[in-house]
Amino acid sequence: DNPMVLLGGMNVLESRDLAMRIAEHYVDVTGRLGIPYVFKASFDKANRSSLHSYRGPGLEAGLKILQEIKQTFNVPVITDVHEPHQAAPAAEVCDIIQLPAFLSRQTDLVQAMAQTGAVINIKKAQFLAPQEMQHILHKCEEAGNHQLMLCERGTSFGYNNLVVDMLGFTIMKAFGYPVIFDATHALQMPGGRADSADGRRAMAAQLARAGLSQGIAGLFLEAHPDPNQAKCDGPCALPLSKLEAYLQQMKAVDDLIKSLPELDTGS
Amino acid sequence: DNPMVLLGGMNVLESRDLAMRIAEHYVDVTGRLGIPYVFKASFDKANRSSLHSYRGPGLEAGLKILQEIKQTFNVPVITDVHEPHQAAPAAEVCDIIQLPAFLSRQTDLVQAMAQTGAVINIKKAQFLAPQEMQHILHKCEEAGNHQLMLCERGTSFGYNNLVVDMLGFTIMKAFGYPVIFDATHALQMPGGRADSADGRRAMAAQLARAGLSQGIAGLFLEAHPDPNQAKCDGPCALPLSKLEAYLQQMKAVDDLIKSLPELDTGS
Amino acid sequence: DNPMVLLGGMNVLESRDLAMRIAEHYVDVTGRLGIPYVFKASFDKANRSSLHSYRGPGLEAGLKILQEIKQTFNVPVITDVHEPHQAAPAAEVCDIIQLPAFLSRQTDLVQAMAQTGAVINIKKAQFLAPQEMQHILHKCEEAGNHQLMLCERGTSFGYNNLVVDMLGFTIMKAFGYPVIFDATHALQMPGGRADSADGRRAMAAQLARAGLSQGIAGLFLEAHPDPNQAKCDGPCALPLSKLEAYLQQMKAVDDLIKSLPELDTGS
Amino acid sequence: DNPMVLLGGMNVLESRDLAMRIAEHYVDVTGRLGIPYVFKASFDKANRSSLHSYRGPGLEAGLKILQEIKQTFNVPVITDVHEPHQAAPAAEVCDIIQLPAFLSRQTDLVQAMAQTGAVINIKKAQFLAPQEMQHILHKCEEAGNHQLMLCERGTSFGYNNLVVDMLGFTIMKAFGYPVIFDATHALQMPGGRADSADGRRAMAAQLARAGLSQGIAGLFLEAHPDPNQAKCDGPCALPLSKLEAYLQQMKAVDDLIKSLPELDTGS
């Protein structure tokens, strides 16, 4: 029941300067609010809808930017990896490496990541029930890694829509690892635009509040100074200018929830 | 943004004495907590899975109990009706009459209810999208009734399961009427037992907190002194002994949420 | 494994003359093709999205048209009822009375219908699993009626969409009653238009073929001479001019499927 | 509208001898029935639920077995690849290489596969709408490969269940490439057993008939001499002894469907 942490940043790395600017803003805001903070950005978007979509700077250049952010702002960093060979280099720079949702059952990737010794953030696939996440935890544990976290980001609900099953948080918390909520990807409407996903940015605060009402370890969040110009997932991104007001709300919710006594209603 | 109201009580009326006892407990607790309160009970469960399931005392005997509760405790009461001819007699006793979820598109029932002039609590059907609720509101409005409220109780999610789409609250709030959350029926697993629905009573607080995090008008809730002996929907019922601790939590969440400034993240 | 029957006709009764014209066409075509035939039409659409939508001629005038069709063409007729009091008069005229999908769990309606002694066509609700249909069968049996049939018409799949789970036919056939497929309502996209459902008429043959591939008792079908002018569910209606070619296909599929030997793949 | 092809074989390669035995049986049966045939087996199951589950002989040993089957029986072969570096070696042996459903949006894998010049069998992800498959086709086309096929294998339907949306076949056929149906994986109940998926083998014929009723290019099928002893996905596998009777049925359905005239019901 520690106060919420924030894994926050941007979707895909665009320029080095933009990443620095975004990181600086997150560091300032979370510092003022006393929220433990990890900077997040992707070096590659490996599963865009279209070949013509922007993918990112790639592993080497991306890790260089993450390294600079880590050193400049003295914050831990997280990035996602997509193939087993990326796990070790990513873990050299990053404190947390992330298993993407669509890839969360790929055993070789899970093992390569677990063996780095880095903390692993396991995104829950859109096609998995909360109970099934224990299998992925077991894979990591058997590879010798117990520094694990689970991250909810929505479940397939018919076509082109996601729904967040709030009861899933309680089920996953029972596995004994921190559970966080990716409150911006969960806004996605997959395949909702002609050649990319759509999103419901206007409800970013509502959905995050619901997740935090479940007494979870923290939030995962992506923001952008101009979401309409973001190179990936802009329809889900929080406008960076709203970050402080947004996090104030979320911290207030988290603080309250964690002050409430446990209530056994099951017997 | 008024403080939350509670439409709370029991599923189906069992004995008159049990109803009085439950009502008294609700009245005590909500009085201490300053929560505006409406007593809820059904005189008939018109869609049980099995013919052998208990249905209730029926319209006449049920309204008599509701009338006694209303007078004894000086509280408004709500009950659900299932056929057009029940609307008028129910509205003579009850301050609010409720349109059941499965029946929410039956035009004659909607019109008969609307024409009573009572407040109408419209349960959202498990098969309807939030946007579609506006059609039912329009039917009521065109019958001359603008004292309407909408009530979320979960959406079909595969077989034998419900999920609550938290984004639906925001969509329904935009229609301009109070939106409440039936936090116990939303725990149902339809068809989950051999001849009735199962439920997830142990997560009653978690789900209610999520709903209240959306800034809604109130909660709908069913409790029972011994849920395992309840004659209907026990697997979803809050143990009555936990009511005060439960409502304290919910009121704290509601108070906080309604103190937060509006946050425009959509532009 | 008798050859398929057809419960076919139109959605809602419009004029008497149109109903006669449609019935005549069905009778001609099914006579030529040797398909046992029951005429279907609704006297009331009790759950339209909007108050302004056409509902039909009502019970009395509707039954009069059905009676005329029955006598003129010497065919059995089927209609759906929505309230218990309609069951007996409907059963005086109709050979089969139909329990609507949304109402399929309303015990009083089920009992009133079962007690008429008419054959009951039970539409499977969009929110029920195939296994749950046995509860409705039991209700009818306990009311003394064993002349029952089940009718698949699609299951809620996310918002505003239906999907037909082909495996459900085998599950329901195991209950021992005829199972038929409503191949046009299953094309619905609920809430898909501004004030009514949309549909996928262009795939009417494809979906029906899939249903018949399951070895079922028959088809339920709605057609209209001009679907774009139909007063209800036109987006799902088969153009009447295509009826003969459509039924030829369906009969060919049914005949083939029923000629195939049973294949036990489960052991 | 060519007669159906069969991509059939076994789930994961177990011993070389078992693979030879299974291939021989398929070759015999399809030869007798005149069904164009491609042998399918996986060298690696890269996404098993548990680390302790059998994965297969690996790339090199697996391709050796596939090569022997190809030469011994003079049949084309297909296998699935999981990482970009596997595409080229797999395509040296295999006539068709398969993009796994969970990986179907991984751009690097799609490109590496497309660039081999082999035919690509694209499995439709459980989380994608039929319309979205065009994006994956475009990725292959832009990499210079137009020898593509799409393969339906079911869509997430709530938790631990799949449903096959029959209307998806027509939508995907409109993209202009062959569409086939994986009639055994579509029987899966993901996460349905303690540490693996469950399946509905007893309904193998029913589901396949439904798929073939849509006028598709062919079937994808996995069988095993003793499904209860199969090292992966036994609950979905057709008993090999039933193969001939099963394919006779399927060919009869396919032949009939393709003899039927096109029927325009949409105008």
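By letter and in written order, the chains are A, B, C and D; residue numbering begins at 1 in each of them.
What we mean here is this: a contact is a pair of C-beta atoms (placed from the backbone, for glycine too) under 8 Å apart; a residue touches a chain by one contact, two chains touch by 3 or more.
As the structure is a prediction and not an experimental result, all values here were calculated from the model.
Note on A-C: its contact pairs, compared by residue number with those of B-C, A-B or B-D, agree for more than half at B-D. The most distant chain from subunit B is D, comparing centres defined as mean Cα coordinates. The centroid of the Cα atoms in subunit C and the matching centroid in subunit D are 35 Å apart. Taking each chain's centre as the average of its CA atoms, subunit B and subunit D sit 48 Å apart. Centre-to-centre, using mean CA coordinates, subunit A is 33 Å away from subunit D. Multi-chain contact residues of subunit D, defined as those touching 2 or more other chains: 155, 157, 159. Taken together, the subunit C residues at the contact with subunit D in this complex read 155, 157, 163-167, 169-170, 200-207, 209-210, 212-215, 238-239, 242, 245-246, 249, 252-253, 256-257, 260-261, 263-267.
Across the complex, subunit C meets subunit A through its residues 157-161. Contacts from subunit D toward subunit A in the complex involve residues 46-51, 55, 82-84, 102-103, 105-108, 111, 125-129, 131-132, 135, 138-139, 142-143, 155-156, 159-160, 190-191, 195.
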